[in-house]
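Structures follow.
Two complexes come next, and they have one chain in common, chain A, joined by chain B in the first and chain C in the second.
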Partner chain A sequence: MNIQIENLTFRYPNGVLALRGVSLHIASGELVAIIGQNGAGKTTLVKHLNGLLLPSQGRVLIGDWDTRQYSVAKLAQRVGYVFQNPDEQLFTKTVADEIAFGPRNLGYPKERIETLVEDALHLTHLETMRSMNPYDLSPTWRKMVAVASILAMDTPILVFDEPTTGQDAASVARLASIIAELRRRGKTVLTITHDIDFCAENFERVIVMGGGQVLLDGTAKDVLGQEEILAQTYVDPPQITRLGLRLGLTEVVCTPQEFLDAFERRCSA
Partner chain B sequence: MPIVKLHQVTYHYPLTQTPALQAIDLEIEEGEFVAIIGQNGAGKSTLCYTLAGFIPHFYKGELQGLVEVDGVSAQDSNLSDWVMKVGLVFQNPFNQISGAKYTVFEEVAFGLENSGVPRPEIIRRVEEVLQLTGIADLADRSPYSLSGGQQQRVALASILVMQPKVLVLDEPTSQMDPIGTREVFSVIRKMAEQGMTVVMAEHKMEWIAQFADRVIALWEGKILLEGKPHQVLTDERLLEKGFGVSRYTTTARLAIPRKLWQPERPLPVTLEEAVAGFSARLHSNAPEGQP
Partner chain C sequence: MHERLSFYIKRDSPLHRLNPLTKLTLIFGLILPAFLVPFYWTPHLLLIVVVFPLAFLGRVQREYFAASARLILPVAGFLFVMQALFIPGGETVLAKAWFLTLTKESLMFAFANAMRIMVMVSSFTLFMLTTHPSELMSDLTQRGLPGQFAYVIIATLQIIPQMQAKANTIIAAQRSRGLDTESSFARRIRALVPLVGPLVFGSLVEVEERAIAIEARGFTSSRPKTSLREIVDRPLDKGLRWFLLFVMLAALLSRIWFS
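Up next is the complex of A and B:
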């Protein structure tokens, strides 16, 4: 499902102008990372996708729905949103209940809910924790519960707000494989992240925000090598990209493998 | 004499069978900057809570062994005395922010107010620390209107302002942008140089390598490795146990069988080390390439 954002401006009630004329088109099935410094407007932008915020000016279309004309409950059929802090979205007594809450509210038939819950438990490796209280789990696993509860809603669009925050290496790898699976299923995935290395290794398109505007928008390779513009929004290029730049490699590299291939060519040149 | 002393510390959370910490021996010198790494569940936060006195004074459960800061044992102390010596910056700033204050300035002043510091001194110290942590421009905003990374700075400022002897930080930059992370690490390093003892649980290996004096790797509640950052962060055992390692280390490891990294050279953790190593390889190559 497409997302069309047209000249979106948003001012918070306290007067802070958080978005200044953002226009974006995101096609069905795209995997998009949004990066930029704290306060750049990333979270404000994605909160417009499910109607949590409504434009001060401009408009946001989710498929053919203008978010100003649909309730948050209705938009939840199309856009699933995983909050930055899992504690803001978890409230039931068991992991399985938490995960079933979304699809139940969307009015899916019982069998479909069961299938979706099992699938979400499986993708997040939570099967053995299904009967536990989410608050008895470590923050890492609580994050997985938050992710699972959105996966189970089976929406065409999913938004992750800083999914890797505070996660260890194993958990980051699990998130990467979930995102890859969503892509195989044709979902549109938007992810806000400060983990620029995670971004380089898992996303095709990268949008860089700064001061409420889009500073850069393109493929990971096009965007992540632009050290100076990234610095404007407090972002360093990924570790591997920086290494390539420092060694004077002519192409932008995003992963260790890409770096080694390029470096090998350089050595034998 | 070490300022922090843990001897054979074992701790069980209430109603649990497996200890969250097991026979931990640890001594930390005044002004030392110690980083604690480990997977989620390894005991990093529990160790932070133990140093900060939340264990045994807030979390119940069973604490065995000796926990001593500045010559006083935790068991013989109470939490209100302990927090004047040891400050804890929480992993999730949302859990730390009081909820009782309307502005960032007041939030940062909260601890000093509660300890009866005179008003002019509170104002001076809060202004100083807001500058130091780069949030002076947020002084009049509500702590709840801030982004995650900004809230983490407020959480840090609220503790720094108390001038604890020992500063304990549980992943204090997890929600920060990379340049914010660097600024915070620099501020903390500066504190350590001024004599504050720093213990920080952290996943960001590249930063640890550049800023910490010592690294402790926790595994299932025990100390797996301990030593200079470079030595610990490139240890094979971290990989075996599934710890995250710096991408520079990973890349150099992959480069050795392809003859792109000289095997006798130590593995890199930081960008500078990686640049130096790969440059050396490039230059060693040049003469051979000539006919």
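Up next is the complex of A and C:
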């Protein structure tokens, strides 16, 4: 499902102009990372995707739906949004119930809900914890419950707001494998992140925001090599990319493997 | 983005620059005369001659009048109607309908009472708008108020805006999961459970975290503490406080004298 954002401007009631004319097209099945300093407008932008915020000017289309004409609950059929803090949404007695809450709201038939819950439990490695109380789990696993509760809604578009914040390496790896699986299934995934390595290793398209505008938009390689523009919004390229740049490698590298390949080519040349 | 954590509005004005204790005294310097001085027009005059100009002096007139319209007027208005209709006595009958009589005396009495309420709530509103809660607390603890008291007061002042901010995030998160909070009444009632759970639990966790955080900074230590905030107490403040004390005393005496 396509996302079409046209000249989106948003002003908060307190007068802060958070988005100044953002236009983006995100095609079905794309993996997109959004990066930029705090206050750049990243969260404000993605809150427009499911109607939590409505444009002051411009418009946002999710497929053929204009977000201004549909309620948040309705848009939840198309856009799943994983909030930063899982504690702000968990309320049931068991993990499985928590995961079933979203699909039940969407009115799916019983059998489909069961399959979706099983699938979400499997993707997040929560199968053995299904009947535990979410609050008895560690914060990293609570995060997985929150992720699973959105996965089970089976929406064509998924938004993650800083999924790796406060997560250990194992949890970050799980998130990476979930995102890879979502890509295989043809879902559109947007992720806000400050974790630049996570961004470089898992996303094809990177959008850089600063001051309520899109500063850069392109493939990870195109974007992450532009140190100067990234510095405007206080983002450092991944260490491996900077090392490649300092060594004067001809191409921009984003992962250790790419670095090794490029370095080998240079040595043998 | 930034949720307001108190009613305080950061501006630079003579009222903002006053010492918090002076402003606290000012509240009582307004309320006591409004209630005690037996001269009929006292509360009305205080409101027009002192409170309104103070709102302009503090450069918070817009917020002050907005708050008054939403907060004070309905209460004062209700009181006015109740008292005007149900206070017995009074000879000059103005209107009569069914068992209700409206006399000139009860009308005047009700009007004065409504004005007293206005003065009382107004002066508190002005105080809250121009005084940062932590400035007030720093000042009072430096003058010897026990820290525990200060904490209770400041936590009370801040809990509503904090809970509100938290509730808004929770509502947004659950609506994103397809929770319908907008249609029929029955659905809204059912929608409460997923909202109240995280709110209550989150608040409890927050209380614990806060207790640990302040204890980590030596909250219950009995040694004298220094403060990061320098709170100015100018001679003007001291003078004003003495003057206000005199006003309060005069109000009390006038009450005793004339009745």
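In the analysis below, the second predicted complex is superposed on the first by the 269 of 269 C-alpha atoms of A that agree within 3 Å, B and C clash if a C-alpha of one lies under 4 Å from a C-alpha of the other, contacts with A are read in each partner's own complex, and residues count from 1 in each chain.
Please note the rule applied: a residue touches a chain if its C-beta (ideal position, glycine included) is under 8 Å from a C-beta of that chain, and two chains touch if they have at least 3 such contacts.
Predicted model, so just to flag it, every value in this text is computed and none were measured.
For the composite obtained by overlaying on chain A, chain B and chain C cannot both be accommodated without a clash. Touched residues of chain A, counted separately for chain B and chain C, are more numerous for B. After overlaying the two complexes on the shared chain, residue contacts for A:I150 are found with chain C alone; chain B is out of touch. In the superposition on chain A, contact of A:T165 is made with chain B only, not with chain C. In the superposition on chain A, A:L243 makes contact with chain B only, while chain C stays out of contact range.
Of the two partner chains, chain C is the only one that A:Q77 touches; chain B does not reach it. Shared-chain residue A:N14: touches chain B and chain C both.
In the superposition on chain A, contact is made by A:Y135 with chain C only, not with chain B. Touch criterion met: A:L90 reaches chain C, while chain B stays clear of it. Residue contacts after overlaying the shared chain place A:G102 against chain C, while chain B stays out of touching range.
By the touch criterion defined above, A:T219 lies against neither chain B nor chain C after alignment on the C-alpha atoms of chain A. After superposing the two complexes on chain A, the stretch of chain C that clashes with chain B is 223-231, out of 61-69, 115-123, 223-231 or 241-249. Comparing which residues of chain A touch chain B with which touch chain C, the overlap comprises 12, 14, 39, 85, 87. Chain C contributes residues 1-2, 166, 169-170, 172-182, 193-194, 197-198, 201-202, 205 to its touches with chain A in the complex. Of all the residues in chain B, the ones that touch chain A in their complex are 38-41, 91-92, 94, 141, 145, 147-150, 171, 174-180, 203, 206, 242-248, 250-251, 254-255, 258, 260, 271, 274-275, 278-279, 281-282, 285, 289. If you check the complex, the residues on chain A that touch chain C are 12, 14, 16, 18, 39, 44, 47, 50, 52, 71-73, 76-77, 79-81, 83, 85, 87-92, 101-102, 105-106, 135, 149-150, 153.
For chain A in complex with chain B, the touching residues are 12, 14, 36-39, 43, 84-85, 87, 138-140, 162, 165-172, 194, 196-197, 231, 233-236, 238-240, 242-243, 246-247, 256-257, 259-260, 263-264, 266-268.
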